[in-house]
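Dropping the structure in here first, questions after.
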Amino acid sequence: METNTAIILTMLIPAGSVVTNILFRNSPNLRDGLTLTAAVATFLTVLSILATVGNGTTEPMVLFEVFPGIDLAFNVEPLGLLFAIVASGLWIVTHLYGIGYMRGNNESDHARFFACFSAAISAVMGIAFSANMFTLFLFYELLTVTTYPLVAHKGTPEAIKGARTYLGILIGTSIGLQLVAVIWTYQITGTLDFTKGGILEGHIAGPMVAVLLALYAFGIGKAALMPFHRWLPAAMVAPTPVSALLHAVAVVKAGVFTMLKVGIYIFGIDFLAETGASVWLMWLAAFTIIAASIVAMTKDNLKARLAYSTVSQLSYITLGMALATSMGVLGGGMHIAMHAAGKITLFMCAGSIYVATHKTNISQMTGLGRAMPITFVAFLVGALSIIGLPPLGGSWSKWLLIVGAADTGQWVLIGVLMVSSLLNVAYLLPIVGRGFFLAGDEAHAKIAEAPLLCWLPAATTALGCIILFFYASDIQEFLSPLVADS
Amino acid sequence: MATETAQHVAMTLTDHLPVLQVLVPFVAAPLVVVLGSRQLAWPVAFISSALAFVVSILLLMQVIDGGTISYHIGGWAPPLGIEYRIDAANAFVLLLVTGISTVVLPYARQSVQADIPDRHHTLFYACYLLCLTGLLGVAATGDAFNVFVFLEISSLSTYVLIAQGSYKDKRALTAAYDYLIMGTIGATFFVIGLGFLYMATGTLNMADIAERIADQGSSRTVRAAFAFIVVGIGLKVAVYPLHTWLPNAYTYAPSAVTSFLAATATKVAIYVMLRFMFSVFQPAFMFEVNTLEYIILPFAVVAMFAASFIAIFQSDFKRMLAYSSVAQIGYILLGIAFLSETGLAAAISHLFNHGITKAALFMGVGALALRTGGSFYDRIAGMGRVMPFTSAAIVIGGLSLIGVPGTAGFVSKWLLVEAALEKGWWPVALLIVASSLLAVIYVWRVIEALYLHKPAYEVTAKEVSLWMLGPIWIMALSCIYFGLATDITLTAARSAAAGLLAGTIGLH
Amino acid sequence: MTWEFFVGHLNYWLFTVLMMTGLYIVVAKGNLVKKIVGLNMFQTSVFMLYISVGKVTGGTAPIFPVDMKIDPDVIYSNPLPHVLILTAIVVGVATTALGLALIVRIREEFNTIEEDDIVVIEQKLARDENELYHKAMGDLA
């Protein structure tokens, strides 16, 4: 079908799913089935765009003009399309998992949950296909607003508090910093359109470039750059499908996606490299990588550990952008897909463990591996991908990042990436080790594997991590227009 | 003294639009009293408000690209005769006032029935129409003293309307009384200023005064006039230190009245301030005086922060909205203080956007109060489930108040920050976004109360009827509409700003 | 500040003194009716200001002779301020009437028209409200 129609459909289908979730809230199977259909339909629509456009960039489709020079506009370009594929594909998986989790755990308000989920995906599609910074900002904020009810879902005082931190930091950074950056950009250049090579060259110079970059980097709170990372662990109060969504698919990837878009299409990689404006960001990202990994090691709560692991992994992508080299950018872009697959596996396993045993702390999980072999093997695969070992996908993106760091001559950064892998081993593998090699309580013997709808999606995405290894060069090829000289 | 013979030019209905704008509600008010029927009161009020709305649209269409309409009352030519002068600035305000009035009236039908005893309804609608007349007259006229007259017409009826809240809470009476005292002092200051202007220039026609001031330059009399006028109108605008009447007046008035007033009364007063500052006293005089930069700017910033802080700590939703209004007025004044085209456009568009946002929110809180018996956060706790449509509209209004993109509030915030950055006033830009973050806090308290808390009392409430839901949703949807399709608001605002800054707007 | 200056601007001095007295009464007096009285004085001072500036030295009342034979040498005082003041007086009367009506209603509801007593009553109302509603909100407020 026509590309522009397809783009609009990718947003409308999830929005329609919001309506069906509300309308059919009392018929669980119909409701969840319709949402599943919507998820599949969205994925197919995105694939059709892939088939038509490939890794080209289309002309922006303008919906209407909001300010003079700023329109609500969409277009297709490689990074956005990759993000859309990852998001819509993983929505299918997460939705199945979500059905299993919500029913298995007897959570309340399923309809509201799935409605907000769908709304969030709609916002994600808007972010993926936005043709200018204003459209992206609009859908970025919409994403914050639609995921808030998901974080606060349980309604307990802890959930409300966590949701407040979540909202406070995300809106605080986006209105307080990112908005100023966007308006400043508009004011000096007269446009906000994403253009290859950036739009800032010639309009801004000197230390101001670094200041503007700082406003963007800290303003994109969803990228969890320290010190604005606290919302991620705070959001762990949400049900695990939400954490899977937040940490693999929607929110965090939207954050680093925005970071990459700003780096590539607002600043321009060459401009960044010339002015050296992103050097400070490299070091901050490096710091976040290490610091978050260290904190992760101290956490006994599994989801908290995974949250800090995500903070660390996100900074890999930020680092990729900050390196301002083509390998760095490619590595960052690829890591969007690799980390998504790996982290979603880890989270789904964590959720499966909770559904089967109601345990949240790692110290309680000794010997569980024998009772829940599939879950723990999937966890192992995901962990290895995050650590960056072949033949898992994560190894490729890490490799590209190391090459990117080498290109800048920053050997310390290569060291940081290596050390980070070691730290990943330190905080991820013991979980698997405990599960398989230590003897657990007798109570564990009575535990069965999690429901089908919980372990199957996790196993699928674990498999995905392996498959992605073999398609990594295709992904790199796909993203190459981002850094090619046109 | 020679009498001028007015030329007999055949005038069509379109030519009479400026005066019709004011006449329609003006005639409808005594009509309601004369008819004496409670059943007919509301329809007459609604029809006249709708007619006024149509007239304002027609007027705006004529001037949106920068023209001026000059209408001579009774055919007497200015500067001796009274003139109604319509340009983009006041046409926009007229649109806002009539639009809000027409949307609030269906809402009022239900809420007034609950808030006010039946025997007073006829007089209520009569006063409402008088208030509408007054506000429209203030906006439409080109004669300085006429402004005072209509201002007092609207103020007096406002005092009565606010006092109608006494059937629910007797503090409405003292609120109305305090507003009466303060409002009269403000209006009288305005008249003193006008007196000084008259002494200095010898005329009351605004365009003419502007010419004569431009010729004479500024003297101490003119400066004194400026001071009195700004302070007098400032009280009506609820500029920060002069705002103390507002929280009580908005909290205790009937919901329909608050919805109407919050969206219109202060906005019209801001228009008067703009008109006097720019068209009468001229930007050149202003730059001389520097009042804006050194007095209004600090007060605006203080308003933005102090009022937002106070709003955060309120436990009554309605009172919180009242303080939020004071803060938002601070934004408008900040836009004016920039003295640039973008700044003025930001102020004028925020005038409109805040008007529709507050109308939606006050109508929403009124609906909640109707069903739950109060507007305290704990009374409305859990209403997100019981009254989903009202709550959803409140969420949209709240997001517009914060300035989330896609809503009307965002558009004016954007322009404000742009104006600050244009002038290179970085700290001010950061202050603007910082106070938006305060708005996040007080709006989120409401959202949490509605959705995340269990109802504290036995709840027998259900959703309100379509008479109330319709207007609430019309306003909520306009918040979204004007956040995305900004064509009308931005064109009107920019034309108005350009015209005001050029000084002698449409002067011959 | 010469004697001529003082006498020459007598009307302005009068205006200022009356205005300040009126304002003072509004602010300082606790009785609601007295506030209205002060407001009236304040408004009256403005009337005096306008009327006094309308007077043209050597001018007579601005009324044409019955036979409408207008003598170009006659100086008339300016009638416009008088017109303005008539309007303002009407506004003032309406305001006073409204204010007094409000006071009657306040008397009915509050049983007092002294500001201090009313403030006490209102503060008690507010305190009761806060008690009632803060308990229910708990510490999530």
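Chains here go by letter, A, B and C, matching the order in which they are written, and residues are numbered from 1 within each.
By definition in this document, a contact is a pair of C-beta atoms (placed from the backbone, for glycine too) under 8 Å apart; a residue touches a chain by one contact, two chains touch by 3 or more.
It should be emphasised that the depicted structure is a prediction, and the values quoted were computed from it without experimental measurement.
Peer 1: Just how many steps, at minimum, does a route from chain A to chain C need if it may pass only between touching chains?
Peer 2: Between chain A and chain C, the shortest chain-hopping route counts 2.
Peer 1: Which two chains are joined by the greatest number of C-beta pairs in contact?
Peer 2: Looking across every pairing, the one with the most contacts is B-C.
Peer 1: Round to the nearest whole Å and give the separation of the Cα centres of chain A and chain C.
Peer 2: 66
Peer 1: If you average the Cα atoms of chain B and of chain C to get two centres, how far apart are those centres in Å?
Peer 2: Chain centroid spacing, chain B to chain C, equals 25 Å.
Peer 1: Taking each chain's centre as the mean of its CA atoms, how far is chain A from chain B in angstrom?
Peer 2: 45
Peer 1: On chain B, where are the residues touching two or more other chains?
Peer 2: Residue numbers touching two or more other chains: 448.
Peer 1: Can you list the chain A residues in contact with two or more other chains?
Peer 2: Correct list: 160.
Peer 1: So which bits of chain C are touching at least two other chains?
Peer 2: Expected reply: 140.
Peer 1: Taking the complex as given, what residues does chain B use to touch chain C?
Peer 2: Residues in contact with chain C: 1, 145, 148-149, 152, 156, 159-160, 163, 166, 170-171, 173-174, 176-177, 180-181, 184-185, 187-188, 191-192, 195, 198-199, 204, 315-316, 376-379, 381, 445, 448, 453, 456.
Peer 1: Report the residues of chain B in contact with chain A in the complex, numbered from low to high.
Peer 2: Contacts found on chain B: 399, 402-406, 411, 413-414, 417-418, 421-422, 429-430, 433-434, 436-437, 440, 444, 448, 451-452, 484-487, 490.
Peer 1: Show which residues of chain A lie in contact with chain B when the two form their complex.
Peer 2: 64-68, 72, 134, 137-138, 141-142, 145, 149, 152, 155, 160, 163-164, 167-168, 171-172, 175-177, 179-180, 183-184, 186-187
Peer 1: Would you tell me which residues of chain C are touching chain B in their complex?
Peer 2: 19, 23, 26, 32, 35, 39, 42-43, 46, 49-50, 53, 70, 80-81, 84, 87-88, 91, 94-95, 98-99, 102-103, 105-106, 109-110, 118, 122, 125, 129-130, 133-134, 136-137, 140-141
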